[in-house]
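Two complexes are shown next, each including chain A; its partner changes from chain B in the first to chain C in the second.
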Partner chain A sequence: MRLFKSLTLLMLALTFITTQAQESKKYEGPILVTSAGQSADVKLAGLLLKKQKLEAETITMAKAEDLKGVKTLIVVPGFSSKGLGAAGISADEELKRVQELLKQAAELKIPVVLLHIGGKARRQGQSDNFIKEVAGVSSYMIVVEQGNEDGLFTELAKKQKVKLELVSKIPLAAEPLGKLFK
Partner chain B sequence: MKNTAFRRMVHLGIIFISLHVVLFSQQEVLEPAVGKNGMVSTAHPLATETALRILKEGGNAIDAAVAAAFAIGVVEPDGSGLGGGGCMTIYLKDLNETHYINYYQKAPGLVDEIEYSRKIDKLNAKTALVPGTTAGLITALENYGTLDLSSVTKDAVRYAANGFEIDNTLAGIILDNLEVLQQYKETSDIFLPDGFPLMEGDTLKQSKLANTLKVIAAEGKEGFYDCYIATQIVNAINEAGNKFSLEDLKNYNVKVTDALKGTYRGYEIFSANAPQSGATIIQTMNMLEEIDFKELGHFTESAEVLHLMSEVFLRSYADRYFNVGDPDFSELPLELLTSKSFAKERFLTIDKSKTGEAGYRKTPEGFSIEKEEQGHTTHISIIDKDGNMVSLTQTLGTFFGCGFSVEGILFNSSYANFSSKAEVNKMGAGRQPRSTIAPTIILKDGKPFMCLGTPGGGRIIATLSEIMVNVIDFGMNAEEANQAPRFYCQVNDDFLNLEGRISEPIRAELENKGHHLKLYEDFDLFFGGAQFIIVDWDNHEYFGTADKRRGGMALGY
Partner chain C sequence: MKIDHKIVASFLLFLMTVVCIVSGVEFLDMRTPDVIYPSEDLTKIGKLSDYFEELKDGSGDTDIYFFEGKEPGATVLLLCGTHPNEASGFIAGVLATENVKIKAGRLLIIPQACLSGFSCTDPMEGYPQSYTLESKSGERKFRFGSRVSNPLDQWPDPLVYSHFPSGQKLSGFETRNLNRSYPGRPDGTFTEKVGYAIVQLIKKEKIDLAFDLHEAAPEIPIINAIIYHEKSEDIGLNAILNLEFRDLRYAPERSPENFHGLSHREWGDNTDVYPFLMETCNPIQGRLRGRTNSELILTGKSPQYLAAQETGKLRIEYDAEGVPLDKRVARHLQGFLEIVNSYNEFFPEKTILLEGLPEYEDLLENGLSNYLK
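Now for the complex of A and B:
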């Protein structure tokens, strides 16, 4: 019984330490913004950062080599057939690109911020595949709450033990984004 | 003993739940709307309600279609509207006549003087052609309707003035087309207030559009083509780089002809005249007649069938590319294209075991066909209590057209539908570019059988053909036929495009036959948003369906 209590306390302590570590992770520039799924939402990320007077480079189809010198990677998940068509790639190729990018970010210890701003229009189907892929390596999530009506992001953040910031409208995502870098 | 009984109960419970899930989901998803006196299917519930109200109040199918068309331009502003054009196929039951109204957009007189670069000017005000929607809808109402213009524009005005709730489809399309919407202040103020897009659940108001609709309701065609609105259009669009004139607007004329006729396994098909794509629909169906579907099965179950159908599409799209354009400016071999003998000849060129090498994507002259702009569009299907039918497709070219708006009118982007390589579809003053839109009506034994159409740019011909095969060859009900998986293939595309529900074994076989596959969502808007009605005339029952790929609604009464 005493052993059980001690183990429980130890696990709680470890969880607390991990969460704290994630939250206190340092976010700084240079910032690279990219898409996961080629939706046009990624362009709004640039506008949100601009609102906070934050410099960032947006490469919609960023590759592992684009991470050179980058200190924070912001990924905007959302699937768009139109976007993929315009980029001339398939969903599988896009997923592979994202996986390689995220793998490299992890190797370089670059923190990844998940920024989901498309609401319900960027949920379900292939959008969810990209969301899950990005969430798996994210250290912070900012989500327009309409996209979290079914609690997917709450669940993913809990699983990943990272902070989830929900905002009611797209323009309001600028504030938590700004705070991260201040 | 106790354990065995428990297990049996669990098993029975699982079977019961599984059956319930299957049956319930099938009932929920695969049952069409049913009506005995009228049926409407459009891409938005508000437009459907508008048309149904008109039918219930005694209007005929044409009144309802015109009302729905004005309304859909407001509540689905990405797909069509006053700044675009379209066409409709009309069937008048008592007279046993079919008519075709072409009100597609036309090039302005000074189109040659527009400083247009295909690379830079893909989607801006320079790509707008002279719109025909207002003239077309009013012509239909005057020729075949029974109500006055103010009655059929009332709901459109209300939706524009009071606003309506943005649905999931529109929210997604706004997000997908940010760049187009960001270009011009009048447009971005409507869809991107404060620079950020309106989302699902937000209210979209279009007060300037409401005013324009009121002027049209009061003054008719002149309210759009020959008054202060026309002057505003010309001044603003020319300032943005186009070359409209007041004469272009004043002289816009609608073309009323017979619909183009073909047959498929004894059913009579009436579809769009050139430069729209009824001829290609008829050619495609003639070629598909060569396939023994009963023997070979459905394309979701047989890679051979899917291969054959995609090879048919490759050929009919290629023939369209070189032979279909504006008939007022070119001699078109439409009789040949729609003949059974030509279809047979073309079908015999198909290799059943494999697709062609990469070279099959090349034209006989050896150059690659440029990729046409993918128009997006909307469709309305309506039948009234007397069996009159209207199949109407209208468009802005691409989603939100060129993004330019004035007086609340969002303009089309149809300049890009002209071809720089195919002579028959060359750009020129007063010309209409080719379009894939093909509103279609089908009769069986001289009685109404189907009223169908779809948006979806290049996919329109493939999607409509697949639906006709689903219904005529496989006896699917309207909902089943609409929600069945889709595919598309054409000469100017490097891929055989498939919805995700086409099974892996079929995909593998297709790859073995040399196809390059591109997979989409299980239900993907890319493949259109078909709205159609199947008619059981002998029992006077109408079955309507709205495509779940596009948030539409079918309602009957």
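Now for the complex of A and C:
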């Protein structure tokens, strides 16, 4: 019994230390913002960073070579058929681009922040494919609550052992986003 | 007992006459114009044929309500009723026409852009021909029309519709869809002529900011969205963030550059205007809607959609409360007002100042009936 208690305490302590480490981890610029699924939410993300007076480059279809010199990659997952139409690519091509980008980010040890602000409109189906892809390499997640009603992000963050910050509205995502870099 | 054939024939003839008269009266009822009572700030009522004479006195010659402020400013076009089976866009236009006051700039409202489509319903859909709303003056009836122009104005549909000038191919039915017809052409089909006249209006009136109000079925991914041309992006995104503060969620959708014929694409490409298209959720348009009647237009309550939502397959907020017309109209008007505010922030030297339109919360609290004359 004593051993069980000790192990439980140890695990709790480790979880606490890990969470603290994630929270205290500072992200730095240059920041690259990109989409995973081509929803226009990526443009809103750019606006949120601007409101926090953070300089960031937004390339909706960023490729692996765009990561040169980048210190933080913010990925905004969300599928949009109109967005893909505007970009003139298929969902498969977009997924391949995202996979290559994330692979390169991992190789260059560039931290990836997942920013999901599209709520229910950017969930399920194709959107979830992109979300899972990005979540698999993310070190931090900021999510508008409406997109997490089924607990998908909670589950993904737990699995990935990363901090999940939930906000009630899109504009409120600006603050935790800003805090990461300050 | 021997049946007298003459009596049977006379009875059947009488019965058929009654059926023909009843259905004929119903058919002709769709040609009775909807009545709109403009606010005191109305400057004039124009016609679409003022911009393309060939439409004069025809079924595409819709009314344009002009509201001009004392102070100069931007000119805004609020185009509604592109698809006459999308009630919230039309009623938002009626409500705006009957309530708006203008201090600076000019507002042009076209409540029934596809006037022809208001004179029929879509075949095989079982749609009601009209619905009734309470107003300050009692009950008012409004037509619930077709998604496209009346086939009596444009027939037959080709197997494949080739959009002018892009050559994009769409199904033949879309040849009568106003929102696939832009920029239109003066020697084209009836619907292309209407689209052409609207583009001429935008050019001649030097419209700065333009809206096209729509609805779509709950399963369509772009409902509750604001769709914008790339040049309107900053204005649109700023408005979407401001709407969020009211707990009103609108998905931003950028107009695809290679999808032609739509207002948000062709108005932006062919004129100087900043175009926006907004969509609300309308269960009567959906495939799962169940019983199809005027009640469904007004309440947006569909047990079938509720069941579908509970499966977790729908990507919208939908509950037992439904999506009532009041709420859909309120969304359109609030979206319109926030985009106008956002435009004013970006162009402070050329603003448009509107009053008299209810805010989202007020409209929900007081109901449509308190804003319809």
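Everything below uses one rule, namely that the second predicted complex is superposed on the first by the 156 of 182 C-alpha atoms of A that agree within 3 Å, B and C clash if a C-alpha of one lies under 4 Å from a C-alpha of the other, contacts with A are read in each partner's own complex, and residues count from 1 in each chain.
The rule is short, and it goes like this: a contact is a pair of C-beta atoms (placed from the backbone, for glycine too) under 8 Å apart; a residue touches a chain by one contact, two chains touch by 3 or more.
These figures come from a predicted structure and were not determined experimentally.
Engineer: Putting chain B and chain C on the same copy of chain A, do they fit or clash?
Structural biologist: clash
Engineer: Does the superposition put A:S80 against chain B (first), chain C (second), both, or neither?
Structural biologist: Both chain B and chain C are touched by A:S80.
Engineer: Just chain B (first), just chain C (second), both, or neither: which does A:D150 touch?
Structural biologist: second
Engineer: On the A-aligned overlay, A:G119 touches which partner chain: chain B = first, chain C = second, or both, or neither?
Structural biologist: Once the two structures are laid over each other on A, A:G119 reaches both partners.
Engineer: Thinking of the overlay built on chain A, is A:A91 touched by chain B (first), by chain C (second), by both, or by neither?
Structural biologist: Once the two structures are laid over each other on A, A:A91 reaches chain B alone.
Engineer: Name the contact category of A:D41: first (chain B only), second (chain C only), both, or neither.
Structural biologist: Both partners, chain B and chain C.
Engineer: According to the stated criteria, A:K132 is in contact with first (chain B), second (chain C), both, or neither; which is it?
Structural biologist: Neither partner.
Engineer: Classify the contacts of A:K63 with the two partner chains as first (chain B alone), second (chain C alone), both, or neither.
Structural biologist: In the superposed model, A:K63 contacts neither chain B nor chain C.
Engineer: In the overlay, answer first, second, both or neither for which of chain B and chain C A:K158 touches.
Structural biologist: Neither: A:K158 stays clear of chain B and chain C.
Engineer: State the stretch of chain B that overlaps chain C in the combined model; pick it from 7-15, 349-357, 385-393 or 493-501.
Structural biologist: 385-393
Engineer: Pick out the shared contact residues on chain A: the ones touching chain B in one complex and chain C in the other.
Structural biologist: Touching chain B in the first complex and chain C in the second, residues 39-41, 43-44, 47, 80-83, 85, 118-122, 125, 146, 169-171 of chain A appear in both lists.
Engineer: Contact residues on chain B for chain A in the complex?
Structural biologist: 168, 171-172, 175-179, 194-197, 199-201, 374, 518-522, 524-526
Engineer: Where on chain A is chain C touching in the complex?
Structural biologist: 39-41, 43-44, 47, 80-83, 85-86, 88, 118-125, 146, 150, 169-171
Engineer: Show which residues of chain C lie in contact with chain A when the two form their complex.
Structural biologist: Chain C reaches chain A through residues 221-222, 224-225, 227, 233, 237-238, 240-241, 244-245, 247, 249, 251-259, 312-313, 315-317.
Engineer: Show which residues of chain A lie in contact with chain B when the two form their complex.
Structural biologist: By the definition above, chain A touches chain B via 39-41, 43-44, 47, 78-83, 85, 90-92, 118-122, 125-126, 144, 146, 169-171.
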